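Each structure below appears as structure tokens.
There are two complexes below, and they share subunit A, which is joined by subunit B in the first and by subunit C in the second.
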Partner chain A sequence: MDLPFSGDLIAALVFPGVLGIFGFLVVAIWLERKLVARVQWRYGPLYVSKPLGGLLQPVADLLKLVFSELVLPRHTNRLFFAAAPILLFFAEGLPVVFIAAAPGVVMAPHPYGLAIAVVLVLLVAVLVVAMAWTEADKFTYVGAVREILLTAAYEVPLLLAALAMFILYGTADPYGVVEAQSNLWGAVLNPLAFVAYLVALLMATTRFPFEIPEAEPEVVLGPYTEYGSTLFIYAFGANYVKLYVLALLGSVLFLGGWLPAGGLAGVFITLVKMLVFVLPAMLVRAIYPRYRIDQALRIGWGKLLALSVAAVALSLVWRLLR
Partner chain B sequence: MIIHLKLFATAVKQLLQQPLTVRWPEERRDYGDRVRGFIVNDRSKCISCQLCEAVCPAKAIKFHLEADGRRYPGIDWGRCILCGYCVDACPTGSLQHVNNTEIVWTDLDVYKKPSEMDPDDAAPLPGTKSLI
Partner chain C sequence: MVAILIFVVVFLGALVALVVVTFLFAPRRPSEIKERRFESGGPPYGPVQRRLLMQYFGYIYLVTVVEAAVGLALVAVLTAQPSAPMLYLAIALLLAAVLIVVLRYFKVLNDIRRWS
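Then we have the complex of A and B:
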């Protein structure tokens, strides 16, 4: 290993870990606002740090949120009300523990690491519902029901898309998966799984065509309605953490992770490859209107399920041919 | 599938184009030099005929007695719709538009008074610009 510090320390503190998550929170919010603005022929955030193109605007917004008043409603269980978003935020970041960003840069290497990460991503949806339940509000209730339905729509295709790749590589080891892609990337070997994963990612992070649980004109902010101040950062930031985790997982599963390089350069390559998942997820806000919940369910249990099943079949065919 | 690719292509195409909006205080949109901006009165030409008051559809113009014993039109900018009828109706051409639509008053009473209608007062200023 040619890293100055031990790999797991870097993984925990810098790239897939804490700094990466909070840095992503700032950059993703800025990127989303900026990209959508440019598609709509506007400038987007600019006045805070003009030379940087307004990059510090999310920092200013987050600071403003930190200093705004924190309201804990009396009719809720106030301990759970305060704990739920923090729990959610860090639980969304938990799968990062098992994903490698470069050879050696992983917190907990495990032969089934990536499979555990996928399962963790799917399990955390329960916490969103728990959070909405604790808030005890009609909008959060509707948001929670929508979240449950949407989870039902995406979790099978997401799991099958990941399964297709595990079958293809014959391993779920964070290193083994990338080594198996040394000749050809997973997205080329199994494009069906790639597309299914991308759509499932949009659903899982409730990005725009599937932005149903927090549909603003209908249910205020869905499961996040009652939160303000710092708790709002944790509650709403959890979505961006999920996007971060799924983009990292996707870049390892489908785009060969750190492949042309290793060590510190590998970390940067992984970071660039994450953009392949993050940029479309940001752009869709400017492109699509919102589906109804029944339309989203129909897509999830219809075309998307068929696509992911076909992806598994394709992987099996590749596996048998090899 | 094709339609989604087309949507993304459109988005990327627009992403690469220049913004249409202007960054306001630093950058002004050029509306040309025939803008129906704020209206000023040249008192040396005004004959106090009150045609402008008669023609005003928004009833924004009221005549005021001034120190020199004559009556001059004053415009209530809260009512004025900048339609320019008074400018068209003025027989001597004493009412004129200025090429400026951004004027701020510090006081609600100030903006109704005819003395505010001196051309120099409403002329666009460079720099801090048009903040009278």
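Then we have the complex of A and C:
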């Protein structure tokens, strides 16, 4: 099935671009609430659009927030206070520029595209800390310190998981990576890297059990405490955008991307494969308690590091055997 | 290149536009309490930006070194010839060195009382 418009325009405006990012924000919030409710024997949101299972509830919530009073605290630098969450949300979505969702559906095809995307994902933590610093609140301050430490826990395992797959495929070009998985998916060739990536994804998106920077009973909302209205949507929604980006990256790196189809069907296949990363990230909220920051650091530099180093070793063995 | 520009303009434009909508149409009833720092009902904390507690900061030193090494390995893998056994050996040795350093200092990093 051929694409009706030029692929790079579809990538920019529809998927994985602007519409995909905002659409994911709505669907992911709804899906998370519904899944967790199901685990806890509840119905979840139903008040808005009951026939659709409450799908429009997040839209109603977001609209309510857009038309809520915009409060800029007087102790902050108001320009930076307003700009920080916008920049954060934007930066979280930026890696999709280099990730292909189907043949031709990529904004910037680049031989090192997936490596650039990984680096862009890792750079964004700086903006979370800058945002928390701008808010100048004790809860945001503690949240920022936790964010820095959590970043220190997952950065190296995430990079090593990516390195393992680049060694295996011999390229970081999205097309080359997907083509290399035409017989067997990366997750089957190197399951250690897949597991390391999945755990690092949970840490990077501060999902349970690593929801440490914004632990509600301890630090209100951590780095987002001072925000309300539209700025809260951006500050809070940025993590969902990161989940979207890492799920897309993961589906290309580990699950064969758009294969076995191309064109529009390939786009849908990529979307479905993203669920392999998104659903566990949603469900763990209903299952796990929260780790302390020192426990997360110990996991990151202990078991997770060992797992990701073993993943690189496995890839090296595969390459030498080939 | 055009697609990237369109993405940046539309994405950033939409984000800014929503804030403008809020600024123009959301109700405004400013009050002193609303603009105060959120203290969660506790006593005022005073200046927030203060000296950091150093506990667990050994990890930050560790990540700056190890991440740079892994970054170098990443660049080497992506720019090397398709099959380069010597490169693979170098990566294996590098990761072995990382593991040894982490194992050597793991207990110290986890317990601030051992930092001296």
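Everything below uses one rule, namely that the second predicted complex is superposed on the first by the 321 of 322 C-alpha atoms of A that agree within 3 Å, B and C clash if a C-alpha of one lies under 4 Å from a C-alpha of the other, contacts with A are read in each partner's own complex, and residues count from 1 in each chain.
Methods note: a residue touches a chain if its C-beta (ideal position, glycine included) is under 8 Å from a C-beta of that chain, and two chains touch if they have at least 3 such contacts.
Given the structure is predicted, the values throughout are model-derived calculations rather than measurements.
Look at A:Val276: by the touch rule set out above, it reaches neither subunit B nor subunit C. Contact with subunit C, but none with subunit B, is seen for A:Val71 once the two complexes are overlaid on the shared chain. In the superposed model, A:Gly170 makes contact with subunit C only, not with subunit B.
Of the two partner chains, subunit B is the only one that A:Ala286 touches; subunit C does not reach it.
By the document's definition of touching, neither partner reaches A:Val48: not subunit B, not subunit C.
Contacts of A:Val26 after superposition on the shared chain: neither subunit B nor subunit C is touched.
More residues of subunit A lie in touch with C than with the remaining chain of the pair subunit B and subunit C. For subunit B in complex with subunit A, the touching residues are 7-8, 10-12, 14-15, 17-21, 23. Within the complex, the subunit A residues that touch subunit B are 35, 37-43, 46, 280, 283, 286-288. Looking at the complex, you find that subunit A touches subunit C at residues 8-9, 11-13, 17-18, 21-22, 66-75, 82, 86, 89-90, 93, 97, 107-108, 112, 115, 133, 136-141, 145, 148-149, 151-153, 155-156, 159-160, 162-163, 166-167, 170-172, 220, 225-226, 229-231, 233-234, 293-294, 297-298, 301-302, 305-306, 309, 312-313, 316, 319-320. Chain contact summary for the complex, subunit C toward subunit A: residues 1-4, 6-7, 10-12, 14-16, 18-19, 21-23, 25-30, 34-40, 45, 48-49, 52-53, 56, 59-60, 62-63, 66-67, 70-71, 73-74, 77-78, 82-83, 85, 88, 91-92, 95, 98-99, 102, 106, 109-110.
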